[in-house]
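In what follows, chain A forms one complex with chain B and a second complex with chain C.
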Partner chain A sequence: MSLDALVASSIDGLMLGFLYGLAAMGLTLIFGVMRVINLSHGPVIALGMFVILELTTRFGINPYLALVLALAIGLAFGVVIYFVAVQRVINAPELTTLLATFSVNLMIIGLGTVIWTTSPRAVNVSLGSVSAGAVTILGTHAVAVAIAIAVTIGLYVFLYRTRPGKSIRAVANNRAAAELMGIDSNAVLALSFGLGTMLAMASGGLLATLFSFTILSGGTYETKSFVIVVLGGLGNPTGALLGGVLLGLLEGVATIAMPVGWVPVFEYVIFVLILLLRPRGLLGPRA
Partner chain B sequence: MSRFREHGFLLSLLGVIVAAAATPLLLGNPSLREELFLVLMLATLASSLNIIMGYTGYVSFGHIVFFGLGGYFAFYLMQTYQWNFVAAALAAALPSCVIALLIGMPILRLRGAYFALATIGINEATRSFVNNFDPFGGAVGMFFNFSVYDAYGGARNAAQLAYVGMLAVALAAIVTSYAIKRSKFGLALLAIREDQDVAMVVGVRPARAKVTAYVISAFFPSLAGAIFFFKNGIIEPGPAFDLLRSIEALVMVMLGGIGTLAGPVIGAALYEELRGLLITNETLSSLHLFVAGVVLLVVVLFVTAGIIGTVRQRFPPLRRYVQ
Partner chain C sequence: MKHIRWAGLVLALTGIVASACGGTTTPAPAGGGTTAPAAGGPTVTKDLIIGFSASQTGAQNVASKKQTEGIQLWVDDVNKAGGIKLKDGTVLKPQIKFYDDESKTDRVQQLYTKLINDDKVDFLLSPYSSGLVKAAAVVSEQNGKVMITAGGADDATMEQGFKYIYQVYTPASKYLTGAIDLIGKLDPSIKKIAIVNEKDSFSTSVVQAAQPYATGKGFQVVLSEGYDTGTKDFAPFINKIIAAAPDAIVGGGHFDDGTTFAKQLYEKKVNARVIALLVAPPEPTFADIGDAAQYIIGPSQWETQVKYSAEAAKSANLPYYGLTAKDFTDRYTTKYSAPPSYHSAGGYAAGQVLQKALEDAGSTDPEKVRAALDKMDLMLFYGHVKFSTDAKTHGKQIAHDMVYVQWQKDSYTNRLATQIVWPPEAKSADAQLRK
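What follows is the complex of A and B.
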């Protein structure tokens, strides 16, 4: 193993980690606010990829401009999912919400397979590359990381500086108390679900500019999001971003240290161990 | 007579299943037999899942892991050591149950969503491990030489044998699930489901009861996996540890009625029929996943108790008979 290869693959992993983290933030935001594990997360990521594909190929829109539209579409779509599938069972036991969101998963995959089949698609973007020694950074990767960071900052400004954002944090903290303060918790929950979906779609859209994909591609990122969310502590967006970066870095290093096939084994074992030993996440408070 | 009255519902349920299962054999109808083979397998998976999920309240999302493990262990014994299929299936259940014990002890301490996530993680870890594990054929998996079936009188007889085996496993799973529900042990599980802390106060040892329930609920899927892949003749990591099938089993339990005896069986039969109907219908075949999603959502939102549960709620006099 050469040092150059290690550095190069760590940087690759680190950059990808930001996109993983962005998706995981969506999952963890929804869990943090309403204790719902969103099983439609993966297909929503895939949907983000196809939104970019359709907007660029059909309307010739620049992929990064398309991403802005994808954010709006994601927000609206999440609110719709909330009112159709989640609102009625928001106070039901976990199994019910897991199955309700899984039904959305089936619907998206079902319709998506009809519309786009399962053959691989790609969005063509090329922004050149920068090289320094053995390290080559593709322009698309660098831009994707920059956008992921910008979206994260935007989310934080929203959550900490605006009134709706503060309402979301209040509801996450204590829904009953927030309602007593006059917050319409139903609207806040819908908004949170929308934001969570928006983040998943944004991450899917950015991934579409890097790799080829199918409607089923979301599954991989969904399981990665679970790993990350557990790494960072369920319900903790900062933890999710750091967890994503950590997972990306681990993947980058692990690909060099072991055969590629063993990397997922390693990831899932870590996942289960963290659940058992530090169920509130590596960054969370001690159980 | 009094014994029949006491266990009337169980005996009628078993009678209906045996009668339905015998039909394709008597009519000599292989395509109906194939369909019922799947229904029996799904009923086994759903009934065993119901023991941990319906009685104990622990939602095991990755329960299919025991189906895959049973399949792989048995396949390995049959292929490498030329074991007889019945012996291999039974022998394979032992390591599956030991694994369930070792996994169950730590993860059953987790509650709610954390437990569900851990079971997904374990299934995915196992799948990716087997994907790289050369003795089990890695990503390619293992397959039989066609001559393996000669020992059972040819492939046709082997398929028949697998069918009868699956029927036996399904019946055993249902009887076990009934026996548990009526026992003191079953009462302990229901107490844990309602409130684990209160259960402890009244003298239930939750850790022991939960792990026992988990091991029992792993035993039957392991047998079902062994039989399924014996008949299939090929085993690969993807189909063996298919998370979608795991979640489908959850759907069947919900559809029929969680925590009931007949619910998982009815759910399995209905779900499989529905899927068959959708796949064979020209206009709906490509939309079958979408329709399955809509059906699931309707059940989850409006018929939470499932079919058997709703019948019990609506018609209280029937509660004595329908379980």
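What follows is the complex of A and C.
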């Protein structure tokens, strides 16, 4: 194993890990607040990619400016999904909400395939690169990491320093008690679903500046998000970000140590081991 | 009344769904229909329905579009020339019927079954890409329909003893062997090769032949890795490539992954002196990646600069059939406002092969057409075409040769263009090493 390759690959994996973490934070936020496993997560990530594509190609908007619009679109879209598909089954058993979000998944994929087909698309953005020895860091990757960190900090400030954010935490903690304190839990749940969707769209938008994509591309990141959420502990946004970074790093190291085709096997072995040994995640309370 | 309204609504919706799901057919040229007595003789005009699936969407859409355009141009040319004239006076007017297979194998199986059973097509052409061709070949063979494969080079498909499948492309096993010869000639000091390829049937066939060939020629294979179809992030492979420090990189798979791979190799400043990738480089739109395209070499079934002609056929003691390469390029460029690629030429050539076989057979009877295809040995604008008649490899292409192109910058205009750099007898420029 070459040390140069290991360092380069670890840095690549680590950087990608922040985007995995951002996507997983959306999934875990929704679960933490309303106990809904959101199966429309992957298609929403892909939708984030296409929002950036459309805004840059049709309106000539800078991709990073388009990302700000994508955040707003993601928030609004999440609120719409909540009122259309989730609200009426929010108190039903978990399988019902699972099916409701799965139907949203199928609708987005179906409509997306009609509109954009499944042909690969790409957002052309180049910010140069910096090289040191065997390590070359692309500007687009560095900016994506910086934005992912900024969005995470923004989310924390919102959750811990603002009234709506505190309401979300209160509802997540104990919905009945929060309602007794005068919090409109329905509005808070809608906002939480909107925020989760916004994070998924943000990660999709950032991934679009790095790689080509199709409407089906979200599937890979959705699966990774589930692994990350289990790594970090369900319902724990900090755990999700750390889980994402850890998974990215593991991928980076593993690709050097074994044929790349074996890396997903390695990832899922870890997934199963964590489910067996620490079912509440690495950062979750001990079972 | 209510029932009638509902029936109307259902019919309207069915129409919308049908039009959204494909079913594209080119309009029948004048003279269609089953029979039409011509003035002055007992000429019978028949429609000849040729079916295939095309990847209008999905990963294969770029090359598949070119192939379909080639087929459409052939149909136009034949109809403009009055159709395919058989010895008994029958004139066949080709029409094509095709659907979008979305680059998916299961769609191909459904669509070829539909083309055979519902649309009752007379002959089949193939989809684009080896994986899809393999799926179509099984259905065609089971139904006893002759299929000319335009876009499939995989060896394994043609080594199953099929009786009705005929391959126009040079098989995959010969795709990179020429590139390895070229590397050896270009710089004898190059010894270390990295092979990174898509893990599909075609690219695996290519690599399984190229790897022992390279070792036999004295090269050291320092890295051999496969990537999944649809891979977008090549960083893990590129880090391994940098660590192995090869002099040359060969591999790739199809258009999208090949283009992305070339772009990321450039962005990550990989300094191998030769890079040869499958399928993507000969496509004109490969140049969209800008400077990342420069110096990239790719095997091609055909290029606009090839020199196949009636004279070349004569000196090779072969009959020449059809238009010249220049005529094909001009007509194609006029019709589609873009230059043809080898995928376009493959589509047109597949049509020509079927046309010649029908003329030689004097009939649309599949057995007679098969017999004519088995005997075929000729030169087209696309090159020499001859099929294996061996029971195990029946229908496999055994005469057509590859050329290798490289994207080079014109020293005056500084614009990127492809040049044929191998074999020496066909080259339009010398190959260049990456800097």
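One rule holds in what follows: the second predicted complex is superposed on the first by the 287 of 287 C-alpha atoms of A that agree within 3 Å, B and C clash if a C-alpha of one lies under 4 Å from a C-alpha of the other, contacts with A are read in each partner's own complex, and residues count from 1 in each chain.
The rule is short, and it goes like this: a residue touches a chain if its C-beta (ideal position, glycine included) is under 8 Å from a C-beta of that chain, and two chains touch if they have at least 3 such contacts.
Owing to the predicted nature of the structure, the values given are computational and were not obtained by experimental measurement.
Asks: For A:35 in the superposed arrangement: first (chain B), second (chain C), both or neither?
Replies: first
Asks: Could you let me know whether more residues of chain A are touched by chain B or by chain C?
Replies: B
Asks: Is A:114 touching the first partner chain B, the second partner chain C, both, or neither of them?
Replies: The answer is both, since A:114 touches chain B and chain C.
Asks: Output check: A:226 vs chain B and chain C. Expected answer is one of first, second, both, neither. What do you get?
Replies: A:226 contacts chain B only, not chain C.
Asks: By the touch definition at the top of the document, which applies to A:104: first (chain B), second (chain C), both, or neither?
Replies: In the superposition, A:104 touches chain B alone.
Asks: Kindly classify A:212 by the partners it touches after superposition: chain B alone (first), chain C alone (second), both, or neither?
Replies: After superposition on chain A, A:212 lies in contact with chain C alone.
Asks: Using the superposition on chain A described above, determine whether A:80 touches chain B (first), chain C (second), both, or neither.
Replies: neither
Asks: Touching A:12 in the superposition: chain B (first), chain C (second), both, neither?
Replies: second
Asks: Looking at A:261 after the superposition, I want to know if it touches chain B, chain C, both of them or none. Which is it: first, second, both, neither?
Replies: A:261 sits against chain B and chain C alike.
Asks: Touching A:279 in the superposition: chain B (first), chain C (second), both, neither?
Replies: A:279 contacts chain B only, not chain C.
Asks: Can you list the residues of chain A that meet both chain B and chain C?
Replies: Common interface on chain A, chain B vs chain C: 113-114, 259, 261.
Asks: Could you pull out which chain A residues touch chain B in their complex?
Replies: Per the stated touch rule, the residues are 31, 35, 37, 84-85, 88-89, 92, 94-96, 98-100, 102-107, 109-111, 113-114, 223, 226-227, 230, 234, 259, 261-262, 264-265, 268-269, 271-272, 275-276, 279.
Asks: What residues of chain A sit close enough to touch chain C in their complex?
Replies: Touching chain C: residues 2, 4-5, 8-9, 12, 16, 113-114, 117-120, 129, 131, 134, 136, 138, 210-213, 217, 251-252, 255-256, 259-261, 263 of chain A.
Asks: Can you list the residues on chain C that touch chain A in the complex?
Replies: Interface residues on chain C, with respect to chain A: 20, 56-59, 61, 102-103, 199, 225-228, 232-233, 235-237, 239-240, 242-243, 256, 260, 267-269.
Asks: Which bits of chain B are touching chain A when the two form their complex?
Replies: The touching residues are 53, 59, 61, 106-107, 109-110, 112-114, 116-118, 120-122, 124-125, 128-129, 131-132, 138-139, 247, 250-251, 254, 258, 286-294, 296-297, 300-301, 304.
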